[in-house]
Amino acid sequence: MSELLKVEHLTKIFTSGFIGGFEIRAVDDVSFTIKKGEIVSLVGESGSGKTTIGKLILRLIQPTSGRILFEGKDILQMSKKELRENYYRQVQAVFQDPFASFNPLHPVDRAFDLISESYLTDVSRDERKELVRDALRQIGLNPDEVLGKFPHQLSGGQLQRILIARALLLKPKLLIADEIVSMLDASTRIDVLNLLGDFRDKYGTSVLFVTHDLALGYYISDTTIIMYRGTIVEMGDTEKVFQNPLHPYTRMLLESVPDLNVKWEFKGIEPEKEEGTVYSLQGCRYAPRCPRATRLCFVRRPELIEFEKNHWVACHFYY
Amino acid sequence: MAMLTVEDLKIYYSTPLGHVKAVDGVSFEVKEGEVFGIAGESGCGKSTLVHSLILRKPPMVHMGGRALFKGKDLMTLSPEESKKIRYTELSIIPQYAMNALNPTKKIKDIVWDLAKEHGYTDREEVEKLLRERLSMVKLSPKVADMYPVELSGGMRQRATMVVSTLLNPDLLIADEVTSALDVTTQRVVIELLHHFMKEGIVKSIIFVTHDLALLDKIADRVMILYAGKVVEIGSTEEVINNPAHPYTRLLINSLPRMGVQYKKQKLKGIPGYPISLLNPPKGCRFYTRCPYALDKCPSEEPKLVKVGNEHYAACHLLGGESQ
Amino acid sequence: MLSGIRRYLIRKTFVYVLTFFSAVTIDWLIPRLMPGNPISIMMSRFASLPEASKYMYSYFMESFGLDKPLWVQYINFWKAVLHGDLGISTYMYPKPVADIIKDALPYDIAILLPAITLSWIVGNWLGAIAGKNKKLDSFLMPVFYFLTASPYFWFAIVLAYILGAKLDLLPISGAYSYGIMPSLSLEFIVDFLKHWILPFLSLFLVMLGGWAIGMRNMIIYEVEADYVRYLEALGASEKTLMKHAFRNAILPQVTGLALQLGTMVAGALTTEIVFSYPGIGYILMQGILNQDYFLIQGCFLVIVISVLVANFIIDLLYAVIDPRVRFSFTEGE
Amino acid sequence: MKSEKLRIALKNRKFKVGVAIIVFFALFALIGPLVTPFDQLGYYPVKLHKMLLLKRSTPNLPPMSHDVIYAPGREINVTHYLGTDSFGRDLYAQVVYGLRNSLIVGLIGGGIATFVGLTIGFLAGYRGGWTDEILMMITNIMLVIPTMALLIIIAAYMSTRGVIIESIIIGLTAWPWTARAIRAQTLSLKNREFVHLAKLAGLSDLKIIIGEILPNITSYVFMVFILQFGGAILAAIGLDFIGLGPTRGISLGIILQNAVLWNAINLGYWWWAIPPGLIIALFITGLYFVNIGLEEVFNPRLRRE
Amino acid sequence: YAQAEELPRNETLYVGGGLWSPPTNFNPLNPSPVTGTVGLLYETLFTYDPLKDQLKPWLAEEGKWINDNTYEVKLREDLKWQDGKPLTAEDVKFTFEIARKHKGVFFSNIWSWLKEVKVVDDRTVDFVFSDPHYTEWNYWLYMIPIIPKHIWEKIDNPVDYANNENPVGSGMYKLYKTDQMRCIWVRNDNWWGIKYFGKPAPKYIVYVIVYSNNVALTMLVKGDLDWSNFFIPGVPDVKSKYKIVTWYDKPPYHLSANLALLFLNDNKTPFNNPDFRRAIAYAINPKEIAQRASQNQVLPADPSGLLPLPSHQKIKAEDLIKKYGWSYDPEKANEILDKLGYKDVNGDGFREYPDGKPMRFTIIVPYGWTDWMEMARIISDQLAAVGIRVDPKFPDFGKYWDDITKGTFDMAINNFGSFISITPWTFYNWILDPNVAPTGEPTYGGNWGRYKNPEVAELLTEIARTKTLEEAKPLYRKLQEIWLKEVPYIPLIYNGAWYEASPAHWTNWPSEKNPYAYPITWHNYWQLGGALVLLKIKPVTAGGGATTPAKTTESAKGSTTPSPTSKDKGLCGPAALVALSLVPIVLYRRRR
């Protein structure tokens, strides 16, 4: 498998206001790669910078520093035109909120119309229509039931499927799927996930699957990246990460998953830590919450090391 | 001993287009000392059910049935009496727990305003209690003097839970308190609820969620709702491990769990979508999505039948007219 | 936390200073870009022999420095202002602009301050009542709307007609009787108040409508807010709910107050004219009509400064009463 | 979707009452002039060998008076629905034409204010960054400057002013509110996911603005326009009253100014001073009603019925 | 807690009409100080009575030309300043000298023909002229206020000195207090003039600032304003009801004060053609203007434009008016215009230039001067009747003034320098002064239309130098002849010397029947009669001690509202309207 996307030392700092503003390091020196035809899940708790990474890859926002190479080409160097005509043909996205992903004023068809106008220029109008209906059928929707409807007339699951069908129409090389099931019901959730998998199987599309639900990440992905406060704490083959979690944070996460197979023992309440200072911490960001933290952890940021083949961790414990 | 007995409760929404039958003849019991879980898909009437116990405001209308809470029918209680019961005996943690506290008031003031309403006169005492409880949930007692905006999301969540349970209510309703949270915070919330029960701060909890896996962790008994009706009710063990109703079964089967991977074992969701509650069909409401539908399903409404110890389900497949 | 507030203040101060300079510059420049000049107009008021006028024209052009290039005038203007010198009025020659303003300003304050603050307070109060009481609302809201929809001076005319002329209850001209001497005596105060009522009332009522409507809408929003629903679910009484909702609803109204000051000062102008009330409004008006650069500049300076100061105070106040402002600047985000 | 909103709107009493008032006065302004033989200043134009002579009636007639106008060679019976002023000019004619002009000021002034505010708010919100900072700075400056006074200065030095010029200057000073509001709207919209998706669909910024963002704020813009409409009328009335109104033609503010200058109130000619203000107040009340009605339509939280 | 000082009503005179902004400037060297600065506070050597056309000695006992170049003034005995210091010839000399040094003093141009001022003795001053303007000198004699040397010599720049703190004059009133709404004068009980003129009756004069004349009217009828010099529309309507005193009881009610003229731009075709101007003169009907625009409170002007006051009437040549004058006659106008070739060729009702180009003019009047605006409209109509198209335009005053002074207008109405004075020369000098800047540059005379006629220039200089009226009369005749023949500008109406007085608290007001003074209080008019009124009026209730503050006008209250309609009708109308307008709102409420 060859590399499709390579992210190198990506950093994004948000500042607010131009005088006397403050900074948030939403993404801090993050590097990883996505191979062709691979599903990578990006896992982390709320605010860990998952969405930001997705948006950076989509160039919806500009990174503060770092590089993003798509098939060896730095997308940050691309012109707007190049992005439009080339990059977005190959990289698409589905977002968390299906309702917000549709313009409430237009029928859902617009999602298809827009991309076919830009990218399917060589196809006739009727063929386009057929393509759309095809795509809808593939994801298990009845085209007559959904086409021509307004977003508020459809359910979240239906809308999310339509968005996937929309991406399907282009058969992109990379799909960014940002929490695409978190707003869906359990009963429809798994179907949407399955769609992603089928998609990859059929077209070899790589997927960056952003989630905070480890079970979902485990279910669908080949590679898992665990993030904490803008930094990667652990990554590697899904199997390895889940079967042999190295980082204390990963372990904590895994323990928190309400899995049907596992009974919880109630261990009492952990104190809530002041988190305001985390972003300015010199050392490991997880240190304040870490049960194993030593002085070193507060002083030096651990680097990501390859603990075993294809299994990386950033923790002083493993040096 | 039953803390709450709901009998054939009907709660509708009156809209210009007609009645939305969000809760349509639901009966159940919440016993003292148990966590009672309610699960179901989005829009099946979970929130309607629990909120109707607290406060009914237009367009929500009570169309029949009773809800006996410690012997008093919550549906016919006068507003004054109902107000008195709320918080002291019957309390709620809302779904929006992170934003439930007035951002411009200090937490202790909010608590005092509420406590005053329920006959408390000693401010010191209330504040002392608040600080104790805050430390109990591992928050600094200083949080009492802070504004909600000063707290992080997780802290606010905890603070709200403390506020909601401060006066030791007998029954605590937790409506989807976890659905917007990530797993770690979710875990903390569950720990807190467990703690409240253990410490006897609350006697019973109704825990509403659409995440069955979570109910598995905390609930003693669960009730599965579908389109305003009870489809299955029973102890958690039984319902999860031994689901009787096709819907429950399909639902449980669609849950991803650790160790299951797409590559190896494909899970399946439930096909189709829930029906509209505006004009629900006469018969079984799940029939449109049910792979085992019988001829009589569309026309005849299935009754709850006993399928095990304290375990009931409403499905024609399970036969039986007996209740 | 302190540094957060300091940062907030530095930012605000910077914005204010910039705003001040730009606003004053605009006000300085605009009259000068217009055709005509103040000395020429000054001449029109002198009934004298043509010969004499010619002499005076050149004298005054020079003495007011209007024969200099525009940029020199601009620099001189700031130099003078920083020395606290606002120049001499051409319209009320030779009175210094600073004195003119000093004499007139108390009257504006006497009318505007109570009108603005009371209308704000009463308006918010009535608006809150309307917001929570649907029955009253359907009755009060049209009244509020009618009030804000009325031009200030028309309302003043109507009031003057009914209360002043027809019923002869209140005097309709001046700030006090022409025959009484200002002093700290009961008689004078009563007399002053009598004259004050009508202009005050007409401003007060018109302004009140706007605030009431704003508050009404805010309350309706707020009582739907999560925290109110929570309180209600926990059995809080109507009174407590309103108390909480009111507190939050009032915050945007505070900002509104700051931002609207400038407009209201202008609104007072027409009212002052109707009642011959000796405020800055009428003088500014005359200054403008007579192209009295110096008077216009001075009045603007005062208005801009007072609006900015009021804004600044309200900003500070805001940081105190709304913890959101305070903490959003300490934690980030 | 749209028809649904319309249906709700038509059920909303405030909206209906407001529309009724507006339509009533708009029709009044449109048709009113047709039923009066007087010209906009209230003179009776008489043709005398192809030349126009402007004739006047008896001064200070109360409403619904009949009078005779003597033209060369004939006598004309006229009725003054709203009486005459101290120059013997018909007030009904002045009021209808004045209303017409006030509406024009409202439309143009409100239109310009909305348009400028829309453009600036939009640019600031959409472009963000320095564009935003600078535009907002300008907006805040405009907010702090007493625009009414600025208006007076500008108005005072225009040699002659027509209704159009007046509306333009009013429009050019009234936009900051709109700009702020629109900016806020745009900010929240531009981070909506459908906008991102449109970007990913290869749409240019312009197309996104026109196709995705603008349609979503039209209802809002419309409401803003209504408020600006009313604001412009009130501002114009104020200007008219202090003598800075249009130097040609008539407006409700000018009628009021004349009424005050010529002692209408003291002399008991209430029909000169009361109706113009009342019409304005009622009309703008109507506008506000429409606005609140629409707000209730688009924002169910505000609904009260 | 202090007792409020309330001015005793029966000793206080309330006046208004000459003060439009808070009183700030009491500098008599300034061209427009607060009214009363000259006349009440400072005094002139002479006063002038326009009713009798007499120059009356005031500070001076007498003045005469002792030779062709020297005018000698003898001051009265025992003149003193309000601070007790004697007023002497030194002060007179100082007053004139100050204008020599400071060009901003309003009479400084005198020094172009005055050579020196010599003090002969304490009471005698000699004015030595290089080029004596005898006629003009008469004017200055009653216009120049004498200031105290001992005070003013310490002042660096006497031009922009506001002089508003305890100013010391010689006059019969002292400045008492000023504030934003009024200026209060208090009687100078040590006034030198008591022994010559008697004591003025009011102890206090409150000069009020009222922005709008409707307020003035209200105050007048309530008896809160005793003496008004406002133009108050509607006075004729309510005059009898409230016993308001005006000069005449019938139209025009007021004396004349100045002349409003229609200025034509004599530099522009076709106004440069006297015949064309004459045609316009024929087409205009001043009577209608007086009646319509000014509610008959003014008189229409006759072609000469000379005011109906003795100083002007004395030189008026009726025979010339008969011979060369005009009167309203549209037929005649049409005839002239036809003859000149201005005909309506395209049949639009308006005449075109002889070459067929459309002819269209504008007439400007400052915006907001409603009576003048109405005048402009009427003129436009009247000219339309003879086929001349004139659009009335109402620019703001600044622009109007700019156009007028720069000569960039077609037609305009103006009256600024046409005030009554001891000599018609001021009028002619103002309006015909040939010494004007070219079009496009401002001029501050009154020859706005740039009428140029060398003969006029000569006549004006000559008249200024004539010693007696008899000597000047033939020259005036010539001027009038030119005026009537050439029609440089067209007189419209004689603006009134607006005067309304309330008999509620003061009586013995001057009027047609008791014409003892010209009752105007505007700046520079106190010397013409205003001051005399103060000496003659009497309080209604003679309360000598007057320790109890007379409560204001209890008697006048009650039914004092001026309203021609009955009281309830007046209220019912608007009430009905309001009620009617509330119907939709009420209905709207009912339905819910």
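Descriptive notes on the structure:
For clarity, chains are labelled A, B, C, D and E in written order, and residue numbers in each chain start from 1.
We adopt the following convention: a contact is a pair of C-beta atoms (placed from the backbone, for glycine too) under 8 Å apart; a residue touches a chain by one contact, two chains touch by 3 or more.
Just so it is clear, the structure is predicted and the values come from calculations on it, not from any experiment.
Taking the definition of touch as given, a chain qualifies here only if it contacts subunit B and subunit E alike; those chains are C.
Compared with subunit B, the chain whose C-alpha mean position is the greatest distance off is E. Averaged C-alpha coordinates give centres for subunit A and subunit E that are 87 Å from one another.
Chain centres here are Cα averages; for subunit C and subunit E they lie 37 Å apart. Centre-to-centre separation of subunit B and subunit D, using mean CA positions: 54 Å. Centre-to-centre spacing of subunit C and subunit D amounts to 23 Å, using the average Cα coordinate of each chain.
Among all residues of subunit C, those that touch two or more other chains are 34-36, 138, 142, 146, 158, 161, 165, 273-274, 289, 291, 331. Shown for subunit E are the residues that touch two or more other chains, namely 212, 218, 396, 398-399, 561, 570, 574, 585, 588, 592. Each of residues 276 in subunit A touches at least two other chains. For subunit E in complex with subunit D, the touching residues are 212-214, 217-218, 232-234, 237-238, 292-293, 295, 347-350, 367-368, 370, 374, 377, 381, 384-385, 387, 393-396, 398-399, 561-565, 570, 573-574, 577-578, 581, 584-585, 588, 591-592. Within the complex formed with subunit C, the subunit B residues making contact are 51, 54-55, 82-88, 91-92, 94, 96, 99-105, 110, 113-114, 116-118, 147, 149-150, 160, 164. Within the complex, the subunit B residues that touch subunit A are 41-42, 137-139, 152-155, 158, 181-188, 190-192, 194-195, 198, 210-214, 216-217, 240, 250-252, 254-262, 266-271, 273. For subunit A in complex with subunit D, the touching residues are 18, 55, 58, 60, 84-85, 88-89, 91-93, 95-97, 100-106, 111, 114-115, 117-119, 150, 152, 163, 166.
Chain contact summary for the complex, subunit D toward subunit C: residues 137, 140-141, 143-150, 152-154, 156-157, 159, 230, 234, 237-238, 241-243, 253, 256, 259-260, 265-266, 270, 273-274, 276-277, 280-285, 287-289, 292, 295, 301-302, 304.
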